[in-house]
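Worksheet: the structure to be examined is printed underneath.
For reference, chains read A, B, C and D in written order, and residue numbers begin at 1 within each chain.
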Amino acid sequence: MPETVEIGLGREARRGYHLDEVALVPTRRTRGSSVVSTAWQIDAHTFNLPLVAAPSDAVVSPETAVAIEALGGLAVLNGEGLWARYEDPSEAFAQISADGGCSTAKLQRIYARPVSDELLARRVTELRAAGVRVALRLSPQHTVGLSPAVLKAGADILVIQGTVISAEHVASEHAADEALNLKTFIAELDIPVIVGGCTNYQTALHLMRTGAAGVIVGYGAHSGSTTHAALGIEVPMATAIADAAAARRAYLDETGGRYVHLIAYGDMSTGGDIAKALVCGADAVMLGEPLAFASEAPGGGRYWDATASHPRLPRSALVDLEVEPEDRPSLEELLVGPTADPTGERNLFGSVARVMAKCGYSSVKEFQKAELIVSSLR
Amino acid sequence: MPETVEIGLGREARRGYHLDEVALVPTRRTRGSSVVSTAWQIDAHTFNLPLVAAPSDAVVSPETAVAIEALGGLAVLNGEGLWARYEDPSEAFAQISADGGCSTAKLQRIYARPVSDELLARRVTELRAAGVRVALRLSPQHTVGLSPAVLKAGADILVIQGTVISAEHVASEHAADEALNLKTFIAELDIPVIVGGCTNYQTALHLMRTGAAGVIVGYGAHSGSTTHAALGIEVPMATAIADAAAARRAYLDETGGRYVHLIAYGDMSTGGDIAKALVCGADAVMLGEPLAFASEAPGGGRYWDATASHPRLPRSALVDLEVEPEDRPSLEELLVGPTADPTGERNLFGSVARVMAKCGYSSVKEFQKAELIVSSLR
Amino acid sequence: MPETVEIGLGREARRGYHLDEVALVPTRRTRGSSVVSTAWQIDAHTFNLPLVAAPSDAVVSPETAVAIEALGGLAVLNGEGLWARYEDPSEAFAQISADGGCSTAKLQRIYARPVSDELLARRVTELRAAGVRVALRLSPQHTVGLSPAVLKAGADILVIQGTVISAEHVASEHAADEALNLKTFIAELDIPVIVGGCTNYQTALHLMRTGAAGVIVGYGAHSGSTTHAALGIEVPMATAIADAAAARRAYLDETGGRYVHLIAYGDMSTGGDIAKALVCGADAVMLGEPLAFASEAPGGGRYWDATASHPRLPRSALVDLEVEPEDRPSLEELLVGPTADPTGERNLFGSVARVMAKCGYSSVKEFQKAELIVSSLR
Amino acid sequence: MPETVEIGLGREARRGYHLDEVALVPTRRTRGSSVVSTAWQIDAHTFNLPLVAAPSDAVVSPETAVAIEALGGLAVLNGEGLWARYEDPSEAFAQISADGGCSTAKLQRIYARPVSDELLARRVTELRAAGVRVALRLSPQHTVGLSPAVLKAGADILVIQGTVISAEHVASEHAADEALNLKTFIAELDIPVIVGGCTNYQTALHLMRTGAAGVIVGYGAHSGSTTHAALGIEVPMATAIADAAAARRAYLDETGGRYVHLIAYGDMSTGGDIAKALVCGADAVMLGEPLAFASEAPGGGRYWDATASHPRLPRSALVDLEVEPEDRPSLEELLVGPTADPTGERNLFGSVARVMAKCGYSSVKEFQKAELIVSSLR
């Protein structure tokens, strides 16, 4: 039974835990790092790192997608971002990264340019030509309209992602837009689909039943997120991941063996955070802001995601990462090291391999059994 | 059973939760924002927004009362504020908003001028002439003395409000002032009465039994409040609202169907806070400080309420909102957007509609069933 | 049963609550402030305020003792402080209050001058001449040596106080100093004795059995205290007071009606803190640092107590209160108001009377029944 | 049963407590400080203080090892530190302490010089010549290679210590390095071995079964530690020590009386912290950073341990203690006083003796029975 408290007479609420409220406890034998594998496989695709780079224009460009794949991860290009709105987005990037900052109002204007499905198809073609697996993110609202072009151009993985999505969306009765039926939609596709974010057991289970290959847990909370303030929605990630893992077990049972991958997204900035997300039950992590520090990152020292440019109610700030250009690490140092930085924010997956070794596990799947302690470091 | 802890041998205390300790959990289908209604109805009065503007001179003037009603809310003029003490309060406002600040001692002197019931009646008449529904706030101590003028002038709604009020006030044996018997008083009125603030189940139920149409939960804690320091009284709003909602259910049952509206007041500064108050059980929210940021607000960039000018024991500070005049939003941007501000402090009710949609509810009453999680974001 | 947690296998610990973790809940009728009495009586002595001024040289001098009694409180002069070490302590006070500060090392040197029982007796005589009730504090170590002079000179109340004291002290086998047997000692006296501080049920009960008229709960934690860091001892006051109140009930029962007064000492700086201490079960409060802000306070804008000058292990810092001389309130404003300060730190007992009224109680003893809520204001 | 919470459906986690979440409660008679002994004995070695100085180059040099033994403690020289890498490490120390700081990258380069077992043996010989008991620390990875030289030169105590170690290490199948079998290794030695750090009951028990004379609990968390961020591992010390004490009881029982000493390491900076670690069940404490403040400390106002110079993933920062040279206390003031510093960071073991007296205990072993309270001082 989940832990519940009565916040008022007749009103119960579950207690949720954030990743920074839990920690790993090494309890068994230790192991040499060299015998540890962090590899991850979704559908037919194998990756050396359990990493999905978030569909943020500040992180994934056609160029960095290639670099991230080379280092072992999967990069998701935002199908409704600047590369789908501008033939050449370099001027838009320059405005966002300009000295003196970029206001949210300006960001709204930059993203007001419509998405072109012709441009979108061209990005897919270019990425295929570069020899990488092509993953694109579309929002639930625009999947029906934009997916045909993407699929025709040959995307390998489709990511359907909003802050919070559900398997069953009730549209307006008089709505012009066609509502997306995820189950029907996914059934007709030949490529794996990743959907999310979800925040609890019930939604995770429903999303698994749509036939998705992967489910994203969380909405990508980062240092500039204001979703909690604007919407009152907060996702205690340790609880949300563990709940989704329970849904994965239930779904495995009801399908007699279909395994849906969980991708944790949000509230992770260090190797330790990633390790804790995996131990809570994630198969891989989606990272945005932590990768924006890389010297190759297109954000130029800033980070933002799709919620920052919402035309009526932006739900995150454009974050200035406050790092001097010469102090930005390479993607390689950031992901696999070595590093001389002691903050835990670099050599992220070297950290993961090391703690797996210290806890005595040799694969991510085994590592999900590690012991956790609830503890509030102050 | 409520959650209690034993703080010492034989001494139990209930555990109370603040709004910022809880968060919403989307658990079902999502819904388009366009099919969501935030409308609220009390007695014969309908409002598009579940908003009551607090009787603070910094927020509600005869002029802003008209503007707030036009945007869909109800504004309450303080019947013991500057408009009832000064023929022309503009000089008083100028002193309070003066560059260099205004001391509490000066505020005490400004509010030392006596209330005139003739002036008070004139304000009601002026507001009626402007075509809005007229709501006035009186303190329990002065309701007997001041209400006749107010009622005669034609107020639509009476708000009887102190920091903490009770249905049964025990006056001094030798008291010159006549004690207010709420039950008798309300029974004789033709217009709906809203009373409060209350902080728990028992008081809420007693206030409902006075015949009030609405009950205020909380005392309007804001960033300058020192009620906790001065009196040791604190209202964990999530708990207080949920308890009052339990009282509403009990009262519905004992009366065979009389529904008393709950108006949450305090500790809310964002759209998310408002959403959480509604989910805890409120039918509407009373907002003071959040509205004082508006360019139309009479406070001129400052906020204060009636407790700030108490002659012997002020229980809140005059708050300097620290916003440049040119950065103050319009009331419209503040209440219904659109906005380019990502803090959650603007487009407050656009936020509420959006989160109702994300949680799959189409009315405020339904939204009270949404799921909550206890979680401490750090 | 008290609330316990298992901090490690086989190791239990009680959960303790600080005053700032609890708050008052008005649950009943309200009452007019004018019908409320805050009076307190210990033995034959009655005081209008439930206030004992702490035996700190920064607060109680022969002069302020008279002023505090005039306002309704009881002041305790430190029998081992500057007035017992120096014929004329004005030079010592000047050094402690000097611009540029006073180091702990200097404080140690100033307090290294031996206590003179002849001087001590003279202070008692002077205070008697001023017409006030004379209360003196001695440490348990020096009570045997210094009390004869004090008693002979005619003290009215004796306070035997150390950071932590016990009814049974085990001295060194080879100790030169005579160990104090509290029970025998008190039995032989004609005047009431107050002893403390204690921190839990067991010690409180043992101290009551010594025949003391009052027991102090807590060691006077203030903003400069480092007892927690130096000794690992911490007193969660809400729990400690409630436990001592349980001991008072047990002792009432075993003696068939002897009522021992509880005096809470520490972690109080506002009227709300005092109110909460009373509700937890205290009959009166001992205040040090909050009174040092008074313009009449001998500390001259600084606060220190006996632990600050310990020759080998000082356990508190000399606190600079950081208030300009012209901003220091009078003792009268501090204790009974009126005030224009909204912080809750002035008009301390006006606050107490007001919150008693809002909770519907008319005496301190009744007020101990008020309802508490556990809540962490952030 | 330990206290567990369900962080997600089907996912339990233990609740762990840090030392700063607990406090001591004096509950019995008090006692004079002069009858208290803090002495500690491990194997044939007796020490007046329950102190092990940590194997950090910033704290223990051949010179300070002598000074620490003279004051009553045991100092452990890092067998893989600068003294084993450099014939004359003075230039290396100068670089680390240089004005303007020393980067982690530079620290990595300084520690890249290989360890020489010839130099290591010479340090042992020099220390023996100085007449102190010689304790050396080796990492588990290099114990097999380096211990012969150390043992031959005549070390008195061997400390085998890594961040987290286990009794059973699984090396790579193709590993060139020989895996250490602790049980076999210790059985063949004539001198006592101390091993660690461990973080929980199971590992503590396994380490005890290797035949170690002492087990270290914790990894030495200090103000610059980032192990939590880099690895997600955190050790709530109150819980970890109490668990290890439970393992000590179980091992006592299964061996019919073999007592293994627990040495707590990490999260202690004051006398109060040390006292709490002892009460949780430690027999002695290992201190690093707190001793680096001493004027004699080789770190020259900086502190670092072995994790700071890791070549691929440093897990702590080089800490600048920010104390002026003239303000650094002597080792004597730091350990046994007297002091004029009120922070609890000096006269560390005078503090311990004093609180033992206030709680009524006369030996460290008895003191482990003292009462604890869980309390969050804010």
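One rule holds in what follows: a contact is a pair of C-beta atoms (placed from the backbone, for glycine too) under 8 Å apart; a residue touches a chain by one contact, two chains touch by 3 or more.
All values derive from a computational prediction rather than experimental measurement.
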Same or different contact residues where chain D meets its copy chain C, judged by the half mark: different
Intercentroid distance (Cα basis), chain D paired with chain B, Å: 57
Whole-Å gap between the CA centroids of chain A and chain D: 40
Residue numbers of chain C (touch at least two other chains): 15, 17, 239
Chain-level touch network, classified as line, ring, star, complete or other: ring
Complex contacts: residues of chain B adjacent to chain C: 5-11, 13-18, 20, 103-105, 108, 163-173, 175, 199-200, 202-203, 224, 226-234, 236, 239, 308, 311-317
Residue ranges of chain A touching chain D (in the complex, touch as defined): 1-3, 15, 17, 22-32, 34-35, 201, 238-243, 245-246, 249, 270-276, 279-281, 337-345, 347, 350-351, 354-355, 358, 360, 371-378
